[in-house]
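Letters are used for the chains, namely A, B, C, D, E, F and G, taken in the order the chains are written, and counting of residues starts over at 1 for each.
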Amino acid sequence: MIEDIIQILVLIGMMITAYLSVKSRDLMECAILLGVFSFLLSLEFFILQAPDVAIAEAGIGAGLTTAIFVMAVRKTTRWEVEE
Amino acid sequence: MIFNLPFITVIIVMFFGFYAMVFRRNLIKVVIGLDLVESAVNLFLVSLGYVKGGVAPIYTSAPSTHMVLPTPQALTLTSIVIGVATTAMLLSFCMVIYKHYGTLDTRKVRRLEE
Amino acid sequence: MISIWLVAALILMICIFLAIARAVAGPTLADRVVALDTINTLIVAIMIILSVVYSEVIYVDIAIVYALLSFVATLYMAKYIEGGF
Amino acid sequence: MRNVLMSIVFLILLAFMLYVAINPGDFGSSTGEHFVFGAPKFTDMDNYFIHNGQNQTAANNIVTSIVFDYRGFDTLGEASVLFTAVLGVGVVLRLLGGGRNDE
Amino acid sequence: MNPWDLIMNNAPALAIAIPLLGAFVTPLINRAGRKAMLVWVIAVLAFTEFIALLLVYQVNTYGIQVYVFGANPHTLTVPPDSGGIPVRIIFTIDGMSAFTALISATLGLVVGIYSVGSEKFQTAQEKFFALLLLLVVGMMGMALTGDIFNFFVFLEINSLAAAALVSYHLNKGKAVEAAFKYAVVSSIGALMILFAIAILYGEYDALNMAMIAQRMYQTGFSTYDMIAMTLILVTLAMKCGAVPMHYWVPDGYGEAPGGTSAILVVASQASLYGLFRMSFTVFGLSANTSSLGWFMIILGLLSMFIGVTMAFLQHDIKRLMAYHAVSQTGYMLLGVGVGLATLGTAAFNQYGLYAMEGGIFHIINHALYKGLLFLTAGAIIYRVGTSDLNKMGGLAHSMKFTAVFFLIGAFAIAGIPPFNGFASKLMIYESVYQLNPFLAIVAAIVSMLTLASFLKVFHSAFLGPKIYDVKEVPKSMLFAMSILAFFIILFGIFPNIAIHYLVAPAAHALANPLGYITKVLGGGA
Amino acid sequence: MLADYLIWIFIIIGLIFNGLGVIGLLRFPDVYTRLHAATKATTFGSIFTSLGVVTLAFWKLYETGNTANLVLSIHTLIAIACLLLTNPVGAHAIARAAYRSGVKPKMAVVDRLEEVNQDD
Amino acid sequence: MMSKIVRTQANFLYPFILIFGFYVVAHGHITPGGGFQGGAVIATGVALVAVAYGYDTIKKWIKKTHLTAAEGIGLLCFIITAFIGLSTSFFYNFLANSGLIFGNRVPYGINPGYLNTAGTLPIMNLAVGIEVLGGLSVIIMYMMAYGREVKQ
């Protein structure tokens, strides 16, 4: 029962962060929210009994992809719509 | 109903991704949308293999056969690595495009190309 | 005995939601990064607790990987704020 | 105008897919209750892996034995996808700071 | 075990493994110098071509070949203790697979030879050639595999390698923008295919194409199959450049370096192969093949007509050829679509099979002459430095061989008799006319428009006063073009060679999904 | 039964600190105070919940002698060490970055760092 | 280059991440993890050092060519391991249950690491680990390097 509630909360958090990361105009905010999305996805994999995938998602999705996004935003522009 | 929530999440996240890819004009936003779609597909695969009350497919304690299905997890591993490869390549494209055009807006890029 | 762990995980999950609120609302970038950092810590705690719930020893490895790697993401964010690279 | 049209198409698709996700139909009818979803009418391939994976490949982790043994060729392909991406990044970023200055 | 037996037994695996090994070694071997790297790459491509020929020989001699990765022995598709299911990755090579693999390997070899000359002054050449090898791997893998997830992986290799190749000449960001578009389209398509694979997996717990087809036939065609089929077919139609989803084609082909556009044509034909394979083998038993066939026919008609109309508006030589590629893809879809629409009826033996043979023959013809045309376009750009038709002129004075090759290609694409385009187009007209005369009329009109368009190009690029004082292109490029020209004339004069050894086995293999399933699963179905 | 009480105490301490930290994150006025509340308190709280796990593992090891619990406790201790090592440094990096990027403390009256920098 | 605290911490943490990454790689067939995950962990360690010291310092220590070479060599090991089984079939696990090196059976249950098991799997894990380490690190390095000359 409580497990289900935890899982539901994780999923709702994923939906919220996905929506906000699409909606926001600040690409850094998008990157951060995408990071949060990735963390929650990793937790969801953990709950779904997939430890291999959870490690991969934690390492690649949460660590490296965020870093790559931050670097790409650094080398380009921070705001989605200029002027 | 409540056990379908992973699948509803998959659909909703996937459509957010599509929304970002189709309606947003920033190239990095497109990549973000792609990332979201890919995460949604990964979640779909993993939750497809979930067995209620099952344990991870690793023989640690007594030989239990009540395990979650292992194949989707293997496929998801492949898919995750492919996803990070694609993301890295697309972002490097973005960097080069910004270098040459000074903008990431797709419409402006197209206009500058003429 | 199991239920206390689950309740603890639930409460931590609610805490994560509050932190997400800060990550969304935060006026400056630094606020969001602080929220991200907090979420990392809380998720590590949840993972450790859940590995007790599932009574799978090896799941703690994920928490370790997580604690190590989310730090790197935080550092990249901080370096961005600082104006580095 | 185009945006409105696209939005409508999107919403219809979303509604359809949500309907499918909420009502799995015969997707899980036969063996039902202990699967969250899916409940493949067939589970024989996964059962084969679970029962024989440890004997045949001598690895405790069935996922690893699938990734590197039963479907090892996929892994080779995936590694070459990563290789391709690295080559692609190298090709694209080769002019500024990427190639000549360091090598 | 002597080496010859080893090669004979493991030919399907070697067809993938050798170019892959070559690609991995290429950046390392570049340390020993450019010459060594080039020799290595050409040797690997030649060996791949040899293996592809061997595969065609094996299929024609011994029937459908299977190769199971990691099994003992390598033909053991179904382990005895598994209860009749294939558990490992299986390569299944029938006529159509071998046909596509042969085209991929041939064009790979030709473009490899061509690029030795045309990319002489670029930096990071070892990356270019490694990517070329990987692209060949992707196409061969898509053609040979019998496993649906493996298909996805090779599709992904194909897309990423093609995108990286498109961006190779950075060209003030234009090429990179085209590559970005191509990569996004391919990735989203691949993700949709993965989604469809997940649905199919969730329903049938199988990843082998034959197994999925058999189980789908047993349990009936459900809504989920419908969703999966739509996703897969639409995506593959997008990847091969059929009309409603063709917007990436001109950018991608137009910005690709030198002769690489030629191999991109084959890359999209590998997607076309995937489209045929999925619709015939996987869904062909259960779904309504008639409506699927009409779907293909309509796509084909739209592609033919809109492609050739758009081509008239272009003044960039490569973009123009790219639109013609869209238009020619329509012929293949039309021919095979007629076959699919009549599959299982009496009309199939009457003219359906003939139409399919025409469509499949057109695949190889298109690869040859569109490859030749793109190579000549690359040669022009290599010497002149621009791709704008309005700025060209008088090139026939100095680049005589290129002009001749261009004429051969142009006549072939327009379907003038002594060249190979005529043979396949005639087959398509004759058979399609029996299904519906309107289709044949449209095809004939499109063919004439194509001729007009290419005459315009020839006039503006090669005729007229001498503007540029240029030399003929390097010998390696001429050699590559002459190979293709030779095959165009050969297949034009003796079409029976191609039809007997390549096309007819392919058409029969596609039309007989039960044979495929029986070979993999060993009886039953 | 001592272990049970100990676990309860650890968990409750951990939860209280985590909750307080998150509330501080929500309610405090500027970056530095939020950082102070969030990182310090949640690190402390997470360590305490993890200590509860360690206690449970040791207790089970003592009761059943199953070595799996030893592995659990060791790995949890490693995780605690990771948290202890990474979190303060992350907080330091964020604070420094925020200061350098020009975010001012909201209600501070003295800014010693600025004075020091001016002296240089 | 970040502050001294971060650099010291990176110095301290980097060997730890390295060891942990190799643990994940080497125990891939016993505990969760494997070549990809471990490689990603080690690559993140490289990213940590890179972000702590800045690109100008790090490029003297880690050459991109070395990382590319590591990637190629890892892939070569992987495909050669697959080639050795060719007399039976490509990717044949010729070592499993053979009693040779890596040829033992894993016993059930939690164990401190019976690494001498699972046939070619540990070799492939290691090869893929090296490959992923090289590939992801070199992506990070390329992206950090890009566009630096313009700013100065």
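Keep this in mind: a residue touches a chain if its C-beta (ideal position, glycine included) is under 8 Å from a C-beta of that chain, and two chains touch if they have at least 3 such contacts.
Values in this document were obtained by computation on a predicted structure and should not be read as measured data.
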item	value
Intersection of the contact lists for subunit B and subunit C	A, G
Chain hops separating subunit E from subunit A, counting only touching neighbours	2
Farthest-lying chain, centroid of Cα atoms versus that of subunit E	F
Remotest chain, subunit B as reference, centres from CA atoms	F
Between the pairs A-D and B-E, the one where more C-beta pairs touch	B-E
Whole-Å gap separating subunit E and subunit F, where each centre is the average of the chain's CA atoms	58
Separation of subunit C from subunit E, taking each centre as the mean of its C-alpha atoms, in whole Å	48
Whole-Å gap separating subunit E and subunit G, where each centre is the average of the chain's CA atoms	36
Averaged-CA centre spacing for the pair subunit F and subunit A, given as whole angstrom	22
Subunit G: positions in contact with at least two other chains	2, 6, 13, 24, 31-34, 36-37, 41, 44, 47, 51, 68, 75, 79, 82, 90-91, 93, 106, 108, 110, 132, 136, 139, 142-144, 146-147
Touching two or more other chains - residues of subunit B	6, 12, 19, 47-50, 55-56, 58-61, 71, 73, 75, 77-78, 80-82, 84-86, 88-89, 91-96, 99
Contacts with 2+ other chains: residues of subunit E	20, 24, 27, 69-70, 149, 153, 156, 160, 163-164, 167, 170, 176, 179, 201-202, 207
Touching pairs among all chains present in the structure	A-B, A-C, A-D, A-G, B-C, B-D, B-E, B-G, C-F, C-G, D-E, D-G, E-G, F-G
Of subunit G, residues touching subunit A in the complex	24, 32-34, 36-37, 40-41, 43-44, 47, 51, 136, 139-140, 143-144, 146-147
Sites on subunit F touched by subunit C in the complex	4, 7-8, 11, 14-15, 18-19, 21-23, 25-26, 31, 34-35, 38-39, 42-43, 45-46, 49-50, 53, 56, 68-69, 71-72, 75-76, 78-79, 82-83, 86-87, 89-91, 93-94, 96-98, 100-101, 103
Residues of subunit G touching subunit D in the complex	28-32, 34-35, 59, 63-65, 68, 71, 75, 78-79, 82, 90-91, 93, 96-97, 103-106, 108, 117-121, 124-125, 128, 131-132, 135-136, 138-139, 142-143, 145-150
Touching residues on subunit F, where the partner in the complex is subunit G	67-68, 71, 85-86, 89, 92-93, 96
For the subunit C and subunit G complex, residues of the former touching the latter	57-59, 61-62, 64-65, 68-69, 71-72, 75-76, 78-79, 82, 84-85
